[in-house]
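To start, I am sharing the structure in question, which I have written as structure tokens.
Per-chain numbering from 1; labels A, B and C assigned in written order.
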Amino acid sequence: MQQKDYASQIHRCFRCGYCKFPTDYSSFNCPSYRRFRFDSYSTGGRLWLIYAWLKGEIEWSEHFAEILYTCTTCKNCTEQCPMKFAPDIVDWIVGARSDMVEKGKIPPRVARFFEAVYGYGNPFKQLRSDRAAWANGTKKYAPGDEYLLYVGCLGSYDENGQKMARSLVDILNASGVSFGILGEEEECCGNEIYMLGETGLFQNLVEKNSQKFKELGVRKIVTLSPHAYNTMKNNYPAFGGSFELCHYTQLLNDLIEKNKIKLSQAHVEVKLTYHDSCFLGRYNNIYDEPRQILQSIPGIKLVEMERNRRDAFCCGGGSGNFVTDLLAGSADSPARVRAREAYETGADTLAVACPSCLTMLTDAVKAEDLDDKLAVKDISQILKELLSAK
Amino acid sequence: MPELKFDKTKCAECKAISCLVKCQYMDFKDKDKAKKEWQKVINGEDSSVLKSCITCYACEEYCPFGNHPFYLIVERQEEKGILPAPRPTVTMWINQCQPIGRFTVGKVEERALSYCFLPQFNTLVKGKLFDGIALSVIFGQEFFCNAVYLHYAKASVIKDRLPKIVENIKNQGIKELVCLHDECYGTFTSLAPAYGIDIPFKPIHYYEYLYGRLKELKDLIKPLNIKAAYQRNCSARLCPETDHYVDDIFRLLRVERVKREYDRENALCCAEIIRMAMGPAMADDVQKRNIDDMVKFGAEYCVFNCPACWDSLAHKVVKQGIKPIHMIDLCKLAIGEEQALRLPELVAEV
Amino acid sequence: MMTTSALYDSLVKIVGENFVSDQKEERYFYARDGGLMPPHEPDFVVMPKTAEEVQDIVKLANREKVPVVPKGSGLALTGLVIPQRGGIVLDMKRMDRILEVNEKARYVVVEAGVTHGVLKSYLQKHHPNLRHSIPDAPPIATVVANAVIHGQGRLSQQHGFNSDMVSGLEVVLPTGELCRIGSCSVSSYWFSKGPPLPDLSGLFLGWFGTTGIITRLGLKLYPCKKMRDIMLFLADKAELVPDIMLRLSHTEIVEDVVVSAQPLPLRFRGTFWIMAYITGDSDEELEFKRKMVWDALWEYFENRDVGFLSTSPDMKAPLLSMPSKDTARFADVSKGGGFQYAGPIAPIEKFPAFIKKLEEVATKYNVFYASTARLIGAGHCMMFSFSFSFNRADTDEMARAKEALDECSKFALEEGGVLWKADIYEQKLLMDKMDPNTLVLMKKIKQLLDPNGIMNPGNWEVK
């Protein structure tokens, strides 16, 4: 992993500032820089400060930790950095975080995040035994089922996430897909834990999950959240995880193309804009399937926000911020900026494909007093509504 | 130091003087005039040929004896200090391709692909056509065929570097080299032998390779049913025996090679070398005649053999409503895969 | 004299607590730039949003005799925004509004923190027939700061320094007053920074913030054509380059003329890459301009002294991009995130001597070099950069790069060049060489405008 190399490479940042922008330079696209505006909160600032800390030119402080942990690891900087080492930037930040975790030098909110996941299997400190409370008797995975539906912590415990989970389950059932969930046995996927630098806990989670998958003979996994998709795709194989993996939008798109999902043909006049999740988009290049799903629905008019696809502006939920909320408290908070941007398209619905985006943007739309003008819905919810319209 | 194997007795016997008579850029319809002028070149005297040659390589194909008239011209130009191209251009080329001891290779096996020094092949080599060979790749200065110095009257650079290149290829354990750029193929089958440089591996023209693969994948082929102009590049003149593969592949894919004026022996090169050597007027004229010819004979596509021709002409044919496509991509289209090498504008539309 | 904490509280009262920092991390970052100048930490980093806030800060600083250093993004690389005496660094980038575009008078009015990237994007979207002179600095460079240091950009060959393209200013004086400079001081139009009035803009352009803080700036806009192309020529004799540049400029139809030289990658070695940019609204227009450029250099081409390099659209794309990312990439040549350049402004005829010096110095100090020369103002002068890349983790290499720079600056000055965006060492060289009465005039102006010496002290410090 590039993380370990960070100490020998991190001085290469030239603080040129390309990392602050999207491709067309139209506005600031780094969520923490947009929020706080001090150069120290941009990627270049962060990298220079980490280097300074390594050299002993600055000492650890709470402010330093805050700067380090307000990065949502959205990868806009990776996209925009003109240097050869661009692909490694986020790994460097994660590497520095892992060194800090080892030293116990992290913001209190992040420490609580770790404790919760360690103790309860989720960052919300909700009981393990309640993990499947949302499920309303959804079938548990048994050997022979085609897909394991991996729900994740937000899908299991967050109010908005649960709506997503239930919608997706309904769609899968209506389409005759063979699947099951792990229920209370499901372990946190570990994506945020990895990004936050708790490598020990991450390894623990991967091993637990991988063991469970193996025991049940799981061959195919479909995830609710892009966060789980990302870590299972990119990090689990190094620990021996071996399975076919897709995000639910990929599965649903496939089902729609094969005519396996029966949608109501009632014409729904909806002007809709789609927000790319960082972990689907920049991390894993999944831009088309969610759009194809939306465009397959009769009557939907899809308009793009100015910043879309690889230039999408992060909702600010990554790196555990959907719990730690280190970027909150201002009209410049990323989710609120994004909510305004969605509203400016003239859309009446803001569509997402991620429970973290869903919960961040739902709250933001409320904070912006736009909740009667702009509905925030996950793609699974949009499709579910069309199922019920039958 | 390798020496050009030129046999002046063959020229003495020659009645056709095709090298000069057929030249598309010099007027030597009068065979006597041609014979006299060519004798000057043989003798090492000053000759208008040495200054007027635009280095299109065609006379290598025209010579009925395979006596390498073009390579002789290059030797004479260098002996006399004639600069077909400006000095700084030549310097840039000599420096750009200088071997630096850094070998850019994939998982090389006995059968390998040569990308020459053309990064476009990174884009082109994808899909089923290259199953099993896609990783066995060599690229870069250490494997560069060096034929380009024929355009710059620098046979000396070829003589100096080519033996080492051949050595580098041999040292990779390569027994069969599929040359994706036919300039490499021409180098190993025409230029190297002309200088007595032994080639210890078997060069395979990528057309031959593609044709073989297409036959293996014939169940996947859906006929394209298109009309295409073929852009026959300069180095095709060094290996005209491979031209039939164009017809073979086109037949297999149901592509019509439009019977236009500037194809086969009468082909026009892409002319960017002409621009660098002679300036824009002649280059623009050659390109205009070439493209107008494609349009006149109803070509929907222009099929390119060479990425350098692509760089020169693709964005120009597009302006005349013709779709540019490299031969490798044409084969991909026929088996249901996507065109990989595209113009930036085209990519943006997608 | 206020205590630091009282000062902090006063600043918080002005801009709010989210936009004042006395934390070590901000002080560390704002003490430095990407070049070689030694760091000095400020006491505070403050981010004002309005001119009124800037005024209040300046008045406070005056009362308390605290230094103030206004800053864009620090991309001059010569340490101009490093607070030599501590105090308050004002990061102006929160003042980021584009206030007005007047299409018929062809100007835009921007606040101090508007970046070149945002302005470019804004014009492309809302006023695609107009463009501004974009420098090759990264897009986070601010329009105001780049103009204030007399930066150059894509339109400099035609229209001069980016500061020549200023069409009005709003300035907070060191004593706190807010005033308008240029046509906007009399009219609601920002079409001129001086004429036909006494030209007061010269009191603020090029002074590195020592005479006041610019809060708004009018910038001239120019026609933006639908297409752009680049023609790449090669030369191998430095002594021919000045005439080549003048011939290109003589055509009156080139946008930008840039000459590049560097030893690596190998394709650059031994040659000068002469880039002539042309624009047009139609293929015919571009073809005609191509012909004119060829005709201008035909003699050199015929006698083989100058070559033309055919380039495909793919190869042209990075050369046509604005700003050019390759400029920033030079920092990673030594895999060490650093470069600095001395970019003296000099007569074009100095090109061969400068190239010779650059190569000598690079060999002497064993540093990696590159050079770019850009024509300014239809051939009146050029910016010639002696650029050195260094590895930030190698203190010896950094020291050698600094010595190389200093030697080049000295040389350029001796040859009659004038140092551009001079670091404090170069400022001293300039002032030592300057007409003594001119120097006295500078001192008088500084003392008049900034009697307490609070504005970016250490810069243009006339003894």
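The rule is short, and it goes like this: contacts are C-beta pairs under 8 Å (C-beta built on N, C-alpha and C of every residue); 3 or more make two chains touch, one makes a residue touch a chain.
Note that the structure is a prediction, hence the values are computed from the model and not measured.
Visitor: Quick one: which chain's Cα centre is the longest way from chain C's?
Guide: Computed centres place B farthest from chain C.
Visitor: Counting only C-beta pairs in contact, which chains form the busiest pair?
Guide: Looking at every pair of chains, the most contacts join A-C.
Visitor: Based only on mean CA positions, could you tell me how far chain A sits from chain B in angstrom?
Guide: From the centre of chain A to the centre of chain B is 50 Å.
Visitor: Just curious, how far off is chain C from chain B if you go by their C-alpha centres, in Å?
Guide: The computed centroid separation for chain B versus chain C comes out at 46 Å.
Visitor: As a quick test, compute the distance in whole Å between the mean CA positions of chain A and chain C.
Guide: Chain A and chain C have C-alpha centres separated by 40 Å.
Visitor: Could you say which residues in chain B touch two or more other chains, in rising order?
Guide: If we look for residues of chain B contacting two or more partner chains, we find none.
Visitor: Would you tell me which residues of chain C are touching chain A in their complex?
Guide: 18-19, 21, 23-26, 28-30, 32-34, 45, 47, 73-75, 91, 93-94, 115-118, 120-122, 124-125, 138-140, 325, 328-329, 331-332, 335-339, 391-393
Visitor: What residues on chain A touch chain C, complex-wise?
Guide: 11-18, 20-21, 24-27, 36-40, 45, 48-49, 52, 57-59, 61, 63-64, 67, 82-85, 330
Visitor: If you look only at chain B, which of its residues touch chain C in the complex?
Guide: 83, 85-92, 95-96, 98, 100, 272, 275-276, 279-280, 310-312, 314-315, 319, 343-345
Visitor: Across the complex, what residues on chain C touch chain B?
Guide: Interface residues on the chain C side: 234-236, 265-272, 283, 290-291, 294, 298, 301, 304-315, 317.
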